[in-house]
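Please find one structure pasted underneath; my questions will follow.
In order of appearance the chains are A, B and C, and numbering begins at 1 in each one.
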Amino acid sequence: MDFLSYLINGLGLGSVYAIIALGYTMVYGIAKMLNFAHGDVIMVGAYVAFFSISNLGLPLIPAVLLSIVVCTVLGVVIERLAYKPLRAASALSVLITAIGVSYFLQNAAQLLWSSSTKVFPSVISNGGISWNGLTVSWLTLITIGVCVLVMICLTLFINHTKTGRAMRACSEDKGASTLMGINVNLMISITFAIGSGLAAIASVLLCAAYPSVFPTLGAMPGIKAFTAAVFGGIGSIPGAFLGGLLLGVIEIFAKAYISTQLSDAIVFAVLILVLLIKPTGLLGKRIREKV
Amino acid sequence: MKTKMKMPALLSGKYRGRTVSYSIVLVSWLILEVMMHTGNLSSLFTSLLVPVCCYVVAAIGLNLNVGISGELNLGQACFMSVGAFTAVCLSGSLGPAVPSLARLILSIVAGALVATVFGILIGIPVLKLEGDYLAIVTLAFGQIVKSLITNMYFGIDSNGFHFSFVDNNVSLAAGGKMLLNGPMGATGTDRISTFTAGIILIILSLIVVYHLIYSRSGRAIMAARDNRIAAESVGIAIFKTKMLAFGVSSCLAGAAGALYGLNYSTLVPAKFDFNTSILLLVYVVLGGLGNMTGTIIATIVLVLLPELLRSMQDYRMLIYAIVLILIMLLTNNETIRVWGQKLKNRFMTKGGAAHGRES
Amino acid sequence: MEENRKPVLQVSELGIDFGGLSAVNGLNMEVYEGEIVGLIGPNGAGKTTVFNMLTKVYQPTRGTIFFDGVDTAKKTVVDMNHAGVARTFQNIRLFGGLSVIDNVKTGFHGRITYSPLSAVLRLPVYRAKEREIEERSRELLEVFGLTEEADQLASNLPYGAQRRLEIARALATEPRLLLLDEPAAGMNPQETEELMAMIRLVRDRFHTSILLIEHDMKLVMGICERITVLNYGMMLAQGTPEEIQANPEVIKAYLGD
């Protein structure tokens, strides 16, 4: 029974990672950049949700919606101001800019809201469902449910809408997409919007589980989710989903069965092992250089 | 060709960068030493001298890795960490019986060697991968090394060495000393690092890196960076070549970390986290990939910038972030770039004319 | 004539599949010492794929490649170069961040060697070997008319000069067999004329056999002693330029039915 409960908790944590990882992987797929500021968008989302609930007294759903709107706008603004002028620049310049944006968001948050930790109000009731001695909290169930829902919606959107197809075309070949009349810049903006909106959802789920809000809140989940995206094969949407879930399960198992202190080391060691066996992640495509 | 020979060798194209680098380091050293001895240097600046040297050395190493070899490394801080804690342990084990200069040299050498071994071990899996996957694995190793050091307990007493992992089982006899204390890291370290040692370390790393770049190995490293398949087709073994750059880079980071570790009485493993790796990368990219002079200048400026902005208090890191973004946007702006190229060409043709007169 | 020459390269029943589809199949050919051989065929016939197999960029699925009488089944790209195979690329692959002369110097990587440690310590062996590399690179640059451009970045060279530099770099590896992939691509008739003279000069001066892919029939017919024709990955014909020109199969493949 312990095993099963660890597994479900792992899937719960993994669902959060998966939702964040989707943001990394979609942006990587279309803009070919590692958006290091993505973790800090989560932080902003968490603060917005926190203030909406604690100060404005909004119920959970409107608070989440507000958080999604703010993060979506933020994501698009960041892309327009900081990344768009660097389309032709080297990957490293873009990476450093993303790091700059990350510092900016963290320090702006510290100035605006101070570095002291705020306690996120409990938004999801504590109970859960019990079955044969196995208890699963509502939060875990909701988290997994949200993740599955996000995954289904995103898959439908990417595969069955005109915009989704255009986004896929852009990630395959920007030049050809432009020639086909696709507005590449718009598609990149939409990608950032979706990724940042998902970050807002993830932030609320994350804070419901670990109820503290502080300026560097997004750093560690960001790195973990980024790892999850690479784990599944960066650029691949099902890969981010799979990578996120696996990472969560591995982390919880490592904590439960091996050592709490070493759980991070174990997670990263598994990542390295996977990449050694499959150098482009679980579901990543291998691109062969033409000679 | 003959005209080339007549040019003062140190100022001709190939050597210009090197001469400038060495000069910057030596002149800064002289000025700062004079200022220190005449009491014109604030205690804040004095306290920054050794750390700046450490970051410069680690960044020079990283530039060999990222700029010359072309592999994005997001884990340079972990090699500093390995060097630092090796040095702290060795220096602590040797104790005050050994003169501090000898202890410093031995510890730096040990830190560099152990970091090199780590570099090679980590390099074996890392260098089998390419591009962003390679970068993420260096990040992962950085996290693993940090996590391992955070869980190490190491002490010394009259019975010898005591070591434990994850749980602190080290119990020392009276008069014993804890050298590594898990998440608390090293405490009670003798502060034996000196600014002069830092300057010597910078000069040594410049010599190593420049001598390597302008050699058969350096050409191979750059060839493997520019075109992997073509490099193999002229008989360059990619893995070996990249490993050389990675190993030297870790070695320098280890030496830098050793000097850093011995500069503070306490040092936590969390000091060398992902953010430190990223900072080093920022120094390298802002200084210019493959440009060692640029790395030195960028490191000095960017370490000092937050300190200089201290009067701005809370806003300093925000300004730092904005400066970082603006530099990237401006250096990649097409109009500014064209303008800079024109300026450079003008400068170059002037140089060319002078060259002509020489013959 | 072939009796007194030794074969440098012997290929038999060579083939490769990509994702279940056969790209090259049943190729048999030899290149003898000091010979210039042409490999021609319509676009997509698998010519460059053959080069990639000969240099082990691709591992052949079937058949054998003997170089200097030695089976190359287990050799890597680097091994093949050390054994004496050098090549140029259809889409030029220079080291863009290195100067022209440094591009040639990389060619000596496997031939004039010293350890990284002797470079860092600037030991006498470093100085002696570097001087040798410098001198021999200058010689090669002179042969290919690149002396003036020695210190320029390779990526700044005009197209024709880049092709010549690739040949110079390949020759620095002291090959016994030089593979040229469309050396005349993008050249005007006068440059092609000069290239033909240069290829002959390379063969005579550097004692290397040459296998070349080329679409310019004037060049192929002008300098190749023997020609192999590929079509759809299969060998269509083999023979002297005269035989190839008269071969109805070849004419059909080139002109269509």
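Simple rule for what comes next: a residue touches a chain if its C-beta (ideal position, glycine included) is under 8 Å from a C-beta of that chain, and two chains touch if they have at least 3 such contacts.
Every value quoted in this text rests on a predicted model; they were computed, and no experiment measured them.
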| item | value |
| --- | --- |
| Contact-richer chain pair (by C-beta pairs counted) among A-C and B-C | B-C |
| Distance-to-centre winner among chains (Cα means, whole assembly as reference) | B |
| Per Cα centroids, the chain farthest from chain C | A |
| CA centroid of chain A to CA centroid of chain B, Å | 32 |
| Computed distance of Cα centres, chain C from chain A, in Å | 49 |
| Centroid distance [mean C-alpha coordinates] between chain C and chain B, Å | 42 |
| Residues of chain C touching at least two other chains | 57, 89 |
| Shared interface positions of chain A, touching two or more other chains | 291 |
| Two or more partner chains touched - positions in chain B | 229 |
| Chain A to chain B touching residues, read off their complex | 28, 34, 82, 85-86, 88-89, 91-97, 99-101, 103-104, 107-108, 110-111, 219, 223, 226-227, 230, 234, 259, 261-262, 264-265, 268-269, 271-272, 275-276, 279-281, 289, 291 |
| In the complex with chain C, residue positions of chain B that touch it | 13, 207-208, 211-212, 215-220, 222-223, 225-227, 229-237, 244, 290 |
| Residue ranges of chain C touching chain B (in the complex, touch as defined) | 55, 57, 76-78, 81-82, 86-87, 89, 93-98, 102, 105-114, 116, 119-122, 126, 129-130, 133, 151, 169-170, 172-173 |
| Residues of chain A defined as touching chain C within the complex | 291 |
| Complex contacts: residues of chain B adjacent to chain A | 66, 72, 125, 128-130, 132-133, 135-137, 139-141, 143-144, 147-148, 150-151, 166, 229, 274, 278, 281-282, 285-286, 289, 314-315, 317-318, 320-322, 324-325, 328-329, 331-334 |
